[in-house]
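Starting off with a structure, shown below.
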Amino acid sequence: MIAVLKPGATPEQTEHLINWLRRMDLQVHRSEMQNITVLGLIGDTAHVDPELLKNLEIVETVQRISEPFKQSNRKFHPNDTIVEIGNIRIGGGYFAMIAGPCSVESEEQIVGIARAVKESGADILRGGAFKPRTSPYAFQGMKGEGIRLLELAKQETGMPIITEIMNINDLPLYENVDVIQIGARNMQNFDLLKELGRTRIPVLLKRGLSNTLEELLMSAEYIMSEGNEQVILCERGIRTFETATRNTLDLSAVAALHHLSHLPVVVDPSHGTGKACLVPSMALAAAASGADGIMVEVHNDPGHALCDGAQSITPDQFLELNQKIQRVREAIL
Amino acid sequence: MIAVLKPGATPEQTEHLINWLRRMDLQVHRSEMQNITVLGLIGDTAHVDPELLKNLEIVETVQRISEPFKQSNRKFHPNDTIVEIGNIRIGGGYFAMIAGPCSVESEEQIVGIARAVKESGADILRGGAFKPRTSPYAFQGMKGEGIRLLELAKQETGMPIITEIMNINDLPLYENVDVIQIGARNMQNFDLLKELGRTRIPVLLKRGLSNTLEELLMSAEYIMSEGNEQVILCERGIRTFETATRNTLDLSAVAALHHLSHLPVVVDPSHGTGKACLVPSMALAAAASGADGIMVEVHNDPGHALCDGAQSITPDQFLELNQKIQRVREAIL
Amino acid sequence: MIAVLKPGATPEQTEHLINWLRRMDLQVHRSEMQNITVLGLIGDTAHVDPELLKNLEIVETVQRISEPFKQSNRKFHPNDTIVEIGNIRIGGGYFAMIAGPCSVESEEQIVGIARAVKESGADILRGGAFKPRTSPYAFQGMKGEGIRLLELAKQETGMPIITEIMNINDLPLYENVDVIQIGARNMQNFDLLKELGRTRIPVLLKRGLSNTLEELLMSAEYIMSEGNEQVILCERGIRTFETATRNTLDLSAVAALHHLSHLPVVVDPSHGTGKACLVPSMALAAAASGADGIMVEVHNDPGHALCDGAQSITPDQFLELNQKIQRVREAIL
Amino acid sequence: MIAVLKPGATPEQTEHLINWLRRMDLQVHRSEMQNITVLGLIGDTAHVDPELLKNLEIVETVQRISEPFKQSNRKFHPNDTIVEIGNIRIGGGYFAMIAGPCSVESEEQIVGIARAVKESGADILRGGAFKPRTSPYAFQGMKGEGIRLLELAKQETGMPIITEIMNINDLPLYENVDVIQIGARNMQNFDLLKELGRTRIPVLLKRGLSNTLEELLMSAEYIMSEGNEQVILCERGIRTFETATRNTLDLSAVAALHHLSHLPVVVDPSHGTGKACLVPSMALAAAASGADGIMVEVHNDPGHALCDGAQSITPDQFLELNQKIQRVREAIL
């Protein structure tokens, strides 16, 4: 971390600052450049808040050199992390197709879709049991019963299952879930992140609606620093002023995250666009951008889904998409 | 709710849709305007997802007429809600100054600041015990011990206390807390909202970094629909592309929320700007915009605060600010 | 356009509004749905400002049914527009690679790069002569001399050239330019748009940093309504809170624009990301999303470019990218 | 400017970089801090593009120390600039009320409103003659005739007039205009800025919809560096995801600009909110935040204004607002 002092800083103030920094176990290298004093802070700067430092009366600017995320940082772990989910792998060249309905609605529905998406090439079954809804008056999901039905669909098809958690206290219900999803709204629910960090269940961590990539990686860090290294990052669209799409899917996040981190990156074009007609194009674009997987909503009857039907595609569309994605992945090798 | 059908909708499709809507306990009025069919949906449309409706193949557009929030809606409760906190009131013409440090750091610190802000005119003491931090490596607050120290400061000064909750399971620790704060990152932590809705402790609900006012009101609805009507809304800045301030404080939210809702609205210019030098101007602007209270960080030693010192003002600045705010409030009557 | 009136509207007010709308040459269909009056406005509503209508005291909501753009609207022109630039075509299945330096710097530089990118498969040469720079103290381009050098490079290589215009009065300088670019900052410089609408030179219209797709199409409409139908739309990134990339490239814009409009859509991943290391991934993603062309900065010496070198790739990288793009385009057929 | 090199930089690369920087007339101070090399660049760094520097293979980070704006910078001109418009002053403690209709529509209208707002305390008359409209099919203003009518209203009332320019070639029409407005969409129309810089007519420069404060000041710099120092900055709302208001009025911009610059800052709550009902609150908040003036739309018949009627207040509301603003200004002294 580099701190540049203001021209007017007195020697006493400078000395006082340097002593304070040293008490934080940092080595401080001082350099005078004409009327500017530059301090180089060496050591574990991850716990130093640059905002705080900037506030000090005599400090002009502060610049981090090393990123504040460690465990998810590619600099320290150059090799891609491969997350294993049953016999499915994500990352390091392995690509997974995650598909299923927005919400679990009934046994018939979830088992039916599970079979359909498996036939169409899906690797993992998704489906919401606990649903985070903006309105308390909207359908909140089948909850525990929804997880039971997902487990049934897993038995019937052999596909691993992924579903979202919203409440720490529900964790016992997820015992047979293969990947636990942290939704966008909970990306910075730090207690939930830590709790999942103490399990060994793979976590799919969705980027919050207005969170930066650095913040996403810091949230991954909450999970990893508790010991669970099985983290999959998920880009699902950020909130902007654009109204033609529900969110703005930020595909540059895929390449940027791959530069910064060794963790696999999955893209959710269904929530990212909010429109079924845009899902196939964006799924192909995600694959071309280097994503390690796609998570897409598939429904056997989009018109009547209890929620988010507007962004679901049919099994037939999914099959065709899947074939094209394989070709795109070969094309970019 | 008004739904406009596409010109190509067949009579069968239209009939099918109308029947489906009627099964949702809605009255459906149908009107033909040249080649356009317009459906007026009357009844409890709060549980109807407009996105879902828009998705139906034959639907062109959907427009809500009534807002989806009920309990917080001024239309149904024209009178301002006044939240009572000990002998302090917020809303309906009552204005409260909430002040204190970002974090509770020690008995000496919190009691010292409590006395200082009380003398300078503060009504309620704020201080973070559980701190939501982007980084797992940063100071996470004194937790339970911090709440104990806040209670001590309350005993010493007689001021009610407000502090943030992050985890449902910590609720028993907040027994003697006068106002529980939901932070921006937890604005859509729906389980936490519902749990607080089951208490009768006043809740200060902060707007999320990229949440709309409607979403803020829907989150208030989560609390109120469980029975707790003591909700204070808080504008604390939204995330934009601007870099001169940490966030962009949206003061039009104050007037807009007062139009939409009967709940009191408080402004936090400390988090909203992230810079101590901008806090007084924005606090005055907030008062002029009609806010029912200001929540501001005050620190006896801004340069050495463990977190967010950059945005804290001194007790002397707070005293001067307080006096100006009183004058501004008289000026706008 | 559908207008819903407030429950309290009196018959006189309603009558007055209907008469006012009829004077705007609109047919007004009126429908009563319980206590709600719905007006259907039929006719040329493109010149009606929905905001104005919403303001009327008795109006609750207004909803457009038909988009306000006509000439660029796919509904009225289902077939893709193909823009012809010399013997190069863009749109309707034709894909073009546009490449070159950010700025024209010297004869040696531009002719050198032109030859290099032509060999690597570029179809059109790009290069800035007039440079819109945030700072008046920064290099503003070689201006007229820069255009002359581009013409020289065109003679040497046979490649059509594209370059940006900033000032109506410079139009005579662009006589031999094959495509005139409107930069993001000038997307709503309406006089410039109209002036180019009066020429028959193809225009590449870049989306503004915070403009919606509808606004982009309305700007295209400014050009087209003056008679010039040779418009190419260009997505080049929007401004968000994210800092890991210079802008957020919105690739869903490609598919969304193709749904809304018949005009070709080109993507500029160089400005869209601001980082050379992200350009290839995003160019491939753009191709996979269905873009009709890619505009990319190529420099023979990225480290020393006078501007925007940070986002330029080398001719070798461009050659490799070009080959992959061809394969991706085949993969998505 | 401080540049931090990557750990792997070879001595040759470092030497090469330092020589290149010295050829740009910069003094380069080099400092080794353990394995990190820090370069301090002294001299006129305003023309150095930090993005370019960052791109160099061996550079880790670059940090500006001095702001890139000079003429508008408070550091070099500590005293507030006071812009004189006839006998009206703005800045340095002088406050101006600018009022009038969105568009000039007829002699009767503009003279009528001019008289009404003058009586209600307005200092300067505003009114659009050339209107930047998103749609080519919308009313584009009365153009030259509109300016003539504004001049007439000026003669009738003695009030100075302010109106927007969109096209350099229209400048001769503005000979008798007292303040020329640059609209948000033209904030980075650099040729227009430069041209106005060559006049001595005061310029009101509106912030673009997604522009940062630094960019606003750089645009002021375009005007000032050509010799025209009579620049008034105007905050008029930025574009965000919020839909309850048309834009998000960023009042922290007022205080932040006053810290950074000596130029006066005016706020436009009409465009900033887009809703007449929010205008008074936000005008008061703007005054409390320290603004040097308010620009507000006033219409004698809001319901029938040809454009932007939705955000206009009546002369009576303006009178009341004016009185409150005076009181707020006294309150914050």
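The chains carry the letters A, B, C and D, assigned in the order they are written, with residues numbered from 1 in each.
Everything that follows uses one rule, which is that a contact is a pair of C-beta atoms (placed from the backbone, for glycine too) under 8 Å apart; a residue touches a chain by one contact, two chains touch by 3 or more.
Here the structure is a predicted model, which is why all the values come from computation and not from measurement.
Across the two candidate interfaces, A-B and B-C, the one carrying more C-beta contacts is A-B. Chain B and chain C have Cα centroids lying 39 Å from one another. Separating the CA-averaged centres of chain A and chain C is a span of 31 Å. Rounded to whole angstrom, the centroid-to-centroid distance between chain A and chain B, based on C-alpha atoms, equals 26 Å.
Within chain A, contacts with two or more other chains are made by residues 210, 238-241. Contacts between chains leave no pair untouched here, as each chain touches all the others.
Those residues of chain A lying in contact with chain C across their complex are 210, 212-214, 238, 240-245, 248-256, 259-260, 272-273, 275, 277-278, 281-282, 284-290, 324, 327-328, 330-332.
Residues of chain C that touch chain D in their complex: 20, 46-47, 49, 51-52, 54-57, 68, 70, 132-139, 166-169, 185-186, 188-191, 194, 208-210, 215, 218, 221-222, 225, 238-239, 246, 274, 276, 302-311.
Taken in their complex, chain B has these residues touching chain C: 2, 4, 27, 29, 31, 33-34, 36, 38, 40, 42, 60-61, 63-65, 239-241.
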